[in-house]
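First the structure, which I've put down as structure tokens, then a few questions once you've had a look.
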Amino acid sequence: MPIVELHVLEGYGPEDKRRLGEALTDAVRFVVPAPPEAITVMIHEMPTEDYYRGRTQRSGAPALPDPKELVHSYLAAMEARDLPAATAMLGEGFVMQFPGAAPMTELQELIDWAAPRYRFVTKTYEGFDAMQSEGAPALVYCRGTLAGEWPHGTAFEGIRFIDRFEVNGGKITRQDVWNDIAEVKGKA
Amino acid sequence: MPIVELHVLEGYGPEDKRRLGEALTDAVRFVVPAPPEAITVMIHEMPTEDYYRGRTQRSGAPALPDPKELVHSYLAAMEARDLPAATAMLGEGFVMQFPGAAPMTELQELIDWAAPRYRFVTKTYEGFDAMQSEGAPALVYCRGTLAGEWPHGTAFEGIRFIDRFEVNGGKITRQDVWNDIAEVKGKA
Amino acid sequence: MPIVELHVLEGYGPEDKRRLGEALTDAVRFVVPAPPEAITVMIHEMPTEDYYRGRTQRSGAPALPDPKELVHSYLAAMEARDLPAATAMLGEGFVMQFPGAAPMTELQELIDWAAPRYRFVTKTYEGFDAMQSEGAPALVYCRGTLAGEWPHGTAFEGIRFIDRFEVNGGKITRQDVWNDIAEVKGKA
Amino acid sequence: MPIVELHVLEGYGPEDKRRLGEALTDAVRFVVPAPPEAITVMIHEMPTEDYYRGRTQRSGAPALPDPKELVHSYLAAMEARDLPAATAMLGEGFVMQFPGAAPMTELQELIDWAAPRYRFVTKTYEGFDAMQSEGAPALVYCRGTLAGEWPHGTAFEGIRFIDRFEVNGGKITRQDVWNDIAEVKGKA
Amino acid sequence: MPIVELHVLEGYGPEDKRRLGEALTDAVRFVVPAPPEAITVMIHEMPTEDYYRGRTQRSGAPALPDPKELVHSYLAAMEARDLPAATAMLGEGFVMQFPGAAPMTELQELIDWAAPRYRFVTKTYEGFDAMQSEGAPALVYCRGTLAGEWPHGTAFEGIRFIDRFEVNGGKITRQDVWNDIAEVKGKA
Amino acid sequence: MPIVELHVLEGYGPEDKRRLGEALTDAVRFVVPAPPEAITVMIHEMPTEDYYRGRTQRSGAPALPDPKELVHSYLAAMEARDLPAATAMLGEGFVMQFPGAAPMTELQELIDWAAPRYRFVTKTYEGFDAMQSEGAPALVYCRGTLAGEWPHGTAFEGIRFIDRFEVNGGKITRQDVWNDIAEVKGKA
């Protein structure tokens, strides 16, 4: 039953609009207990010549990339150890916080730090949650389980993890990681 | 510059509207790189007699409680070991997943499981992130550090943690916990 | 999925709005094959001081009475032979056209004309259909069956009839009647 | 002075919009005593990619045909005894009710039933009234006079009739007929 | 036929709205050659709790006084030589430019300068034109004729004048005067 | 913070819309003390087939020319003594009122009247103010200083002037002129 109308300068593509349609629907559902089918979103695009603020025309900025996809690509690049690709997705001031490690700022640091800990690791995803924070960054949470090999060659799998990413202007600026590796190792 | 108009049946309080105003603003910011000051939200409340769907009047449902506040209260009750208060905030099918533990469904189970692990624990919060998921539940992420005493009486502090909550219809239905306790213990 | 918004000067009551909500829904359904549940109507009332045409405030006119109810009341008054009440519902230039009769303009004419035809007649309604015509009058169609007694005392029932009314400014200005009385009498 | 805004998915042609413009104007006039010139209708078409319900895009259904034109074509086909054309306009469960006849469901039945009653009949129309009913069908009323020849060859004309049609999804599903044929025959 | 909708925070009185209704109508008429009767203005007032910019509520500022009335009062005070009242209507940086005089900033200067020119002067107004300039000030033009007495006691009348005022934040900040006094005197 | 929406039939060009955007912004600023940057104007163009008044489509009239530009062109033509061009810009009933002259209706009259007063005159503009009056005409005020040569060949400059124009349907119908020529001459 709630109806949302968005007036926005033209220039957004179908995928941007789909994301707007979903995000606006979910914003209403966050407060109003209406079933999704009862929530309508209408996007009204304005040609530049039809929109004035302060007596002057304004032009719209291109849409931000989907932060969920950005994080997905970043994690895939890291799993493939494609550091140049992964680095290209990082923004100024990037920091990583892994369990039991000091904050790191370079991906090579991470590789070096991980070397004595596991030979390799792959991620099975259970879910991604993404949202705009109150502040500048968009947030992406990604969780699931880790599989891989310990340094001595034994395989492991099913170890729970969760990552929290901050994305600013289409670049990853912070990654926080929690997992049960120590829990599992401690038991082993 | 984007303008959002929400038409909704009357009956929402100032606090509900504030949450709607914020969530709708952030939904736009998730896709459109406009500064917050350039995003306007107008909420148009409709008296019941002015709104018809399918030829009939509809009435609005009361707002959902703020899931962030719910989780905050729940965590406070747990820290105070006020199980009745905490239990009252749980919904049907509630499940907890803690590091290294099998899934638990009763708070007493958790208390028993934790007993040999630490005497007590308190949380210092670094931040809460809340959003509506694509599905039914609202999600609340809460992160920060743990302090407390190990069973043998030594104090600990600064141990990173993150909790993920699913909230359905104003009740907590799932809690997933990750932290560095094993990491810290393993080093000790 | 279609959404209708009506902006109208304030002063309409809940019943007027209900009629507007229904009529606007049906206007859409007349062209768009959407189920009623998918059609939303929002009525926005404007205080006089918020509405200007030609630089000047305008005030709204009171709603027209429901022509369906008017016709219902008129037929009840006629059945009860309450001519003063029925006459009060007639507008200037009122004309009646009954099967096999010349046009009549006075209710007493009708009573006199009917006298040799039946002792009395009552109506069982199957349905009323009402709409605004393209021109000034609203139209009400009313159909069902007649029961009563022939002049010689025999009872009759189940004789099909239909009446068409024109209603102008809340008054009946024309009544056209068709029925199967002659058909039934001819067979008798 | 009332202003109607219709938001509808794009895909409606100029003729569909004209019918919407008229029907919405008349819906307002049914309740609000404003002269037609004071009623404005604005139709806002939404591209599919700009409209979301329940987080998903919806597409509009093609407009329903004008039931007035459908009935007009049907009556013309019947007058021309073009049964295949007329039959093609009938929907499932079609029923006809003529004065003094049992309900009929096949056009050939009607032809057979009419044969001993008149050689042929043509209609002169005085007016068509069409509207959406509260339920599924659109309604068309058509009235005027009949002319033709009785079985023995005498001509007749000026006999009042009215037909009521129910139209469902662009097909005629019910026809009810009243006229003064028996009245006229009885007098003859 | 053009329709203007203004969304504004609540708090404006009937007189403010009347001025908005007129100014918005005239803004359209300045470009679109529609008769005033064809231009509709709807003012939608928003309660503070229903309006958000940048995620936060905003409150509306009180309406600016009508600059036409301000100038009218100022001219009346000057004619009555009520300098305190007139001075109270002047804003910071006030400047007057009269024909043949250097710019003046104090009303007493004007009185002194005028003393040898005329004993007194009264104004008959032919019209006031007021508008918002592109910049900060509102502008008021006032024109008509002057009557009064020359220093030697002869009466004069019908001398054309025009004044241009700049009004900032409800205070007069500039007055430019043109008139035919020299023309008339030169001929005398 | 105020938001203006204009619904208008399509057919207006970018320049017309810019003028509408500015005039509507200034109309709001005339009453509401909001900074221009806080005022948004959205122009919604309606295709003819989407707009109905009184059940019928309407078509929009072409925009009025900018009266400021018209006056500018007229004054340039007069300065260049291009009477045919200037005359083409005059509307029916045109009247001019110059200081110390009887009202004139023909440009040649003005030329003749001015001949003994100055050899030529050029204008330096300080500003143009334009607005729609409450009545039919748009108003343009133009002010600045005059330079030129007296009949005996002496140069003059810096003489203040102001012109007021009434523009009806794109033609100048009235010009009122005030200046300090007599003041300056009187002193000379």
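Just so it is clear, A, B, C, D, E and F label the chains in written order, and each chain counts residues from 1 on its own.
Note that a contact is a pair of C-beta atoms (placed from the backbone, for glycine too) under 8 Å apart; a residue touches a chain by one contact, two chains touch by 3 or more.
Predicted model, so just to flag it, every value in this text is computed and none were measured.
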Open item on the list: For subunit B and subunit E, which third chains touch each of them?
Closed with: C, F
Open item on the list: Regarding the subunit B and subunit C pair, does the interface count as same (over half of residue numbers shared) or different (under half shared)?
Closed with: different
Open item on the list: Suppose chain centres are the mean of their C-alpha atoms. Which chain sits farthest from subunit D?
Closed with: E
Task: E-F against D-F, pair bridged by the larger set of C-beta contacts - done: E-F
- [ ] With residue numbering as the guide, point to the option in A-C, B-F or B-C that repeats B-E in over half of the contact pairs.
- [x] B-C
Task: Cα-centroid distance, subunit B relative to subunit D, in whole angstrom - done: 57
Open item on the list: Residues touching two or more other chains, restricted to subunit B: which are they?
Closed with: 1, 3, 7, 22, 24, 26, 40, 42, 44, 51, 53, 55, 134
- [ ] Go ahead and list every pair of chains that touch.
- [x] A-B, A-C, A-D, A-F, B-C, B-E, B-F, C-D, C-E, D-E, D-F, E-F
- [ ] Enumerate the contact residues on subunit E facing subunit F in the complex.
- [x] 1-9, 12, 16, 19-20, 22-24, 26-34, 51, 53, 58, 60-64, 97, 99-100, 129-134, 138-139, 141, 143, 160-162, 164, 169, 176, 178-187
Task: Residue ranges of subunit E in contact with subunit D within the complex - done: 1, 3, 40, 42
Task: In the complex with subunit A, residue positions of subunit F that touch it - done: 14, 17-18, 21-22, 24-26, 35-45
TODO: Spell out the part of subunit E that touches subunit B in their complex, as residue ranges.
DONE: 7, 46, 49-55, 57
